[in-house]
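First chain A sits with chain B, and in the next complex the same chain sits with chain C.
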Partner chain A sequence: MPRKNFHIVLVASVVIAVFPFVWLPLMSFFSDWNYPNILPGVLDVQQWKLFFSGQQDVRHSFLLSLAIATTTATLSTAVGFGLARTVSFGSRRKQGIFWSLLPVTISPVLFATILAFYFNVAGISGTVGGVMIAQLLIAIPFSIIYFTAFWTPRVMHMEQLAATLGSTPYQTFTQVVLPYARPFLLVCFFQTFIISWFEYGLTSVIGAGQVQTLTLKVYLYVQEASPSLAALAATLLILPPALLLWFNRQYVFKPLGV
Partner chain B sequence: MEVRNLAKSYGQQPILRNINLIVEQGKTLAVLGRSGCGKTTLLRIVAGLISPDNGKVLLDGKDMEGVPTHLRNAVYMNQEPLLFPHLTVRQNIAFGLKIRSISVQQIQKEVSTMLEQLGLQDHADKWPDQLSGGQRQRVSFGRAIITQPSVLLLDEPFGNLDTDTRQQMQELFLQLTRTYQTTSLLVTHDLKEAILVGNETAYMEEGELYFYDSPAAFLADPRTGGASELAFWKQYMNNNI
Partner chain C sequence: MISAAYSLLYSLGLTGLLSQGWTLTYWQQVVTDGNIWISLLYSLAIALSAMGISLTAALYLSLRHKAALQQKTTAYLLFLPLGIPAVVAAFFTYQMLAPSGLLSRVSYAWGLSESAAQFPSLVNDSLAIGIVITHIILAIPYFTVLFNNIYLSENVADLEQVSNNLGSTRRQTLRVIVIPLLLKRAMASIVMFLIFVMGSYEIPLLLGVSDPRMLSPLIADKMFRFDLTDKPEAHAMLLIYLLSVIAINLFVLKRTRLYAS
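Let's turn to the complex of A and B:
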């Protein structure tokens, strides 16, 4: 590719990548943008004022999403970490990985439809708990697969060495395994948070319209043709992942020299 | 350290057959053997990492049956130094003392002495990935010996090192085990190493252990390969020099 074309492609790619991060927050400051106006109408902080005063559904959805994603990420990281050890060091590693991969390989719509039946029977459809359990059914297998790459024979040998040095299983876990696994745990937390935060299909089917997470709200506002509200929700949607990305870069990858 | 009638099989395949051995306090028993002869299994059973099918392990005169690994005071080291990557050299060496809740002053004193003996004073605050292979192995030795184990179990600890470093490490090992009066059981497939570091030598084949009265007897046994090695060098010298 000629040098000039390469630069054009590069600049275009950067613009496309950065555009939503600039345009969406900007859009959230416009109101009164009606058809057939080409440009938005008034520039104000009305939507944000309503958001901070709590007089808007978006704030509830934001906090709800934050609670669901944080809980899902924490639980799936912790449970996946432990289960991955059992899978990796057990005698049936292949079978363990096979069953862990299954929920991830099934189509989300199919998976949600199957789950919906059982969740209805259990009476947890349309509840926050039900949505969380459904998301965990996706996030935990992901976490198991992720951590099987961590639980290598080398880690097992380190555990054994620590034990022969006199370390109790608890000391080995807290003083050897956990500090060593810290960057892996943070990355997994980040990934599972993202899975939960942007989850749409499962949440809409299992939530049955009763659990309105922020992701669902963005689609709802788009369908309702409320561009400034959709922009506000979308801005909030990208905020926590952007913060986590910065945190990971600062405290996980930088110390590792990446 | 004593082992009585130790036996272990994996399925129908016997790995250890009726092993008996005694290593006196402060001495090193070097066991020579080919890969897969059962050397590692023997060490791992003594460390409590796997259970025997039959037999006993006695450390400081106590039967170790049912005693978990962390209470045996038997440190197991293999080819890989396996330094804890999140700890500095100083912290790695202090690990075994720290988990025993020894006072900070005592730990500092003992670690400083050990660093000096290892010749690593200038590297005390480095991370494991900033050290050479030989330096890492030194730290690994220091970390193990500072805990004053009932027995030090060494599974081909110098196997990954180049010839010069290997020789230096063998000398350091002898110096440290003499200073700290450490009882050691070392397995190797290097004939020279077995003779150099062992106060006693043994040969393991198909799960059975054979002892020798002297290094000469050890070398003379055709199974150890000593006689054929000597013959090779003799012939080489005659033909080339």
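Let's turn to the complex of A and C:
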């Protein structure tokens, strides 16, 4: 391929990748976007003013999504880390991985339809707690699969070596395993946060319309034909992952040699 | 699986508000009706199209632009779509490709179309162009990262060097060694992506049509609509979907290194 075309493809790829992060924030300032104007005559800051002053549902949804995603990521990383050790070093490793893989690969909305009956019976449908438990049912299996790559015989040998040298199980865990696992824990937290932050199908079914996270708001505003509000909610959804990706780039891009 | 027991009982008429006792009628209806099979094939066609294009683009980017991917800023910008949720990606595609979207306006400004109605239908179309494009935008960065990781971890550069020393052309090396190796090592992720696209919900919900429908919107719609007589069929469809996913998972686990310690 000629060198000029070679660069055009790369530049086009970067433009396509970046464009949503330019267009969606810009669109959140549109008050009326009449056809065939490419851009509206004036940009309106009203939606953002309402957001910052707290007089808008989007702010509540943003904080709710943040709380749910942070809690889900923290719990699933901690629980998954421990369970993955049991799965990895246990005699039923294959079964453990298989049953962990299932909730991760099933369509979340269909997984929710399977769970809905039990959540109704337990009386936790339509509650924030119910949504968090449902999300944990996906995030914990994901963590287990993720951490099976960490709990290798090498780690087991490190634990055994520490024990041989007189360390207690608590000391081995806090002074040997945890420092070694730190990058794994950070990436897992990042990924489970993203799983929860992006979740739509499961939350819409188990939340029963009562738990309005940001992803649900985007869909709601699209249905209400309020594109600028949908763009505002979409902007709030895409900025935190972009920032997390930037601050975690040393772990995400490290294998690429970046 | 315990959770799925309720679906099995429902689909056999053993529970539910309108339950009339043991029957295979609902299963017969689902199997002979054809909706589930059309939906399954339609979802598979969409997933295969999105996967084929994404893999080609990701292979191209990861093999032809290795140097660019080593640059921190370029890599970050290229991988940004990893941070876009499906519902936002669908909304963005709609704003770009709908008859009143940005592309249509640009086409009007350049004199290529005279009205929104003249702009070709790229969203909510039975060919699922919008759905495929959205999945491609989300998948290319993921597969590019994956192929790069495999390229480095498997020392593919050394293999390329050996192949060149033995007299292979660059094209032969790519066709016989590099691409098969990358695809083989990425097989588990590729199959998972296939399942993910086939089961996607938000994207077809915003960009799809009512007939044919992808699997998740079809089953969810039957499950939650007001007509309770549809629910046993919905549960039967759900179980067919579940069994398909279990079968694919078993295949993936048997054929890949996921079990390896």
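Following the convention adopted for this analysis, the second predicted complex is superposed on the first by the 237 of 258 C-alpha atoms of A that agree within 3 Å, B and C clash if a C-alpha of one lies under 4 Å from a C-alpha of the other, contacts with A are read in each partner's own complex, and residues count from 1 in each chain.
Assume contacts are C-beta pairs under 8 Å (C-beta built on N, C-alpha and C of every residue); 3 or more make two chains touch, one makes a residue touch a chain.
Fair warning: this is a prediction, and the values are worked out from it, not measured in the lab.
When both complexes are overlaid on chain A, chain B and chain C end up sitting side by side without clashing. Residue contacts after overlaying the shared chain place A:153 against chain C, while chain B stays out of touching range. Touch criterion met: A:13 reaches chain C, while chain B stays clear of it. Once chain A of one complex is fitted onto chain A of the other, the partner contacts of A:201 are limited to chain C, with no touch recorded for chain B. In the superposed model, A:176 makes contact with chain B only, not with chain C.
Across the overlaid pair of complexes, the angle with its corner at the CA centre of chain A and arms to chain B and chain C is 100°, in steps of 10. Contacts of A:167 after superposition: chain B is touched, whereas chain C is not reached. By the touch criterion defined above, A:237 reaches chain C but does not reach chain B. With both structures placed on the common chain, the touch criterion links A:67 to neither chain B nor chain C. Touching more residues of chain A than its counterpart among chain B and chain C is C. In the superposition on chain A, no contact is made by A:43 with either chain B or chain C.
Closest C-alpha contact of chain B with chain C, superposed model: 17 Å. Note: no residue of chain A belongs to the chain B contact set and to the chain C contact set alike, using the contact criterion stated above. Across the interface of their complex, chain A is touched by residues 47-49, 68-78, 80, 82, 84-86, 95-96, 98-100, 143-144, 147, 153 of chain B.
By the touch rule above, chain A contacts chain C in their complex via residues 1, 6, 9-10, 13-14, 16-18, 20-21, 23-24, 27, 35-38, 88, 93-94, 97-98, 101-102, 105-110, 113-115, 117-118, 152-153, 194, 197-198, 200-201, 205, 215, 218-219, 222, 227, 230-231, 234, 237-238, 241-242, 244-246, 249, 252-253, 255-258. Residue ranges of chain A in contact with chain B, taken from their complex: 154, 157-158, 160-169, 171, 175-176, 179-180, 182. On the side of chain C, the complex with chain A involves touching residues 3-4, 6-7, 57, 60-61, 64-65, 68-72, 74-89, 91-92, 94-96, 100, 102, 104-106, 108-109, 116, 137, 140-141, 145, 148-149, 152-153, 192, 195-196, 199-202, 205-206, 215-216, 219-220, 223-224, 234, 238, 241-242, 245-246, 248-250, 252-253, 258-259, 261.
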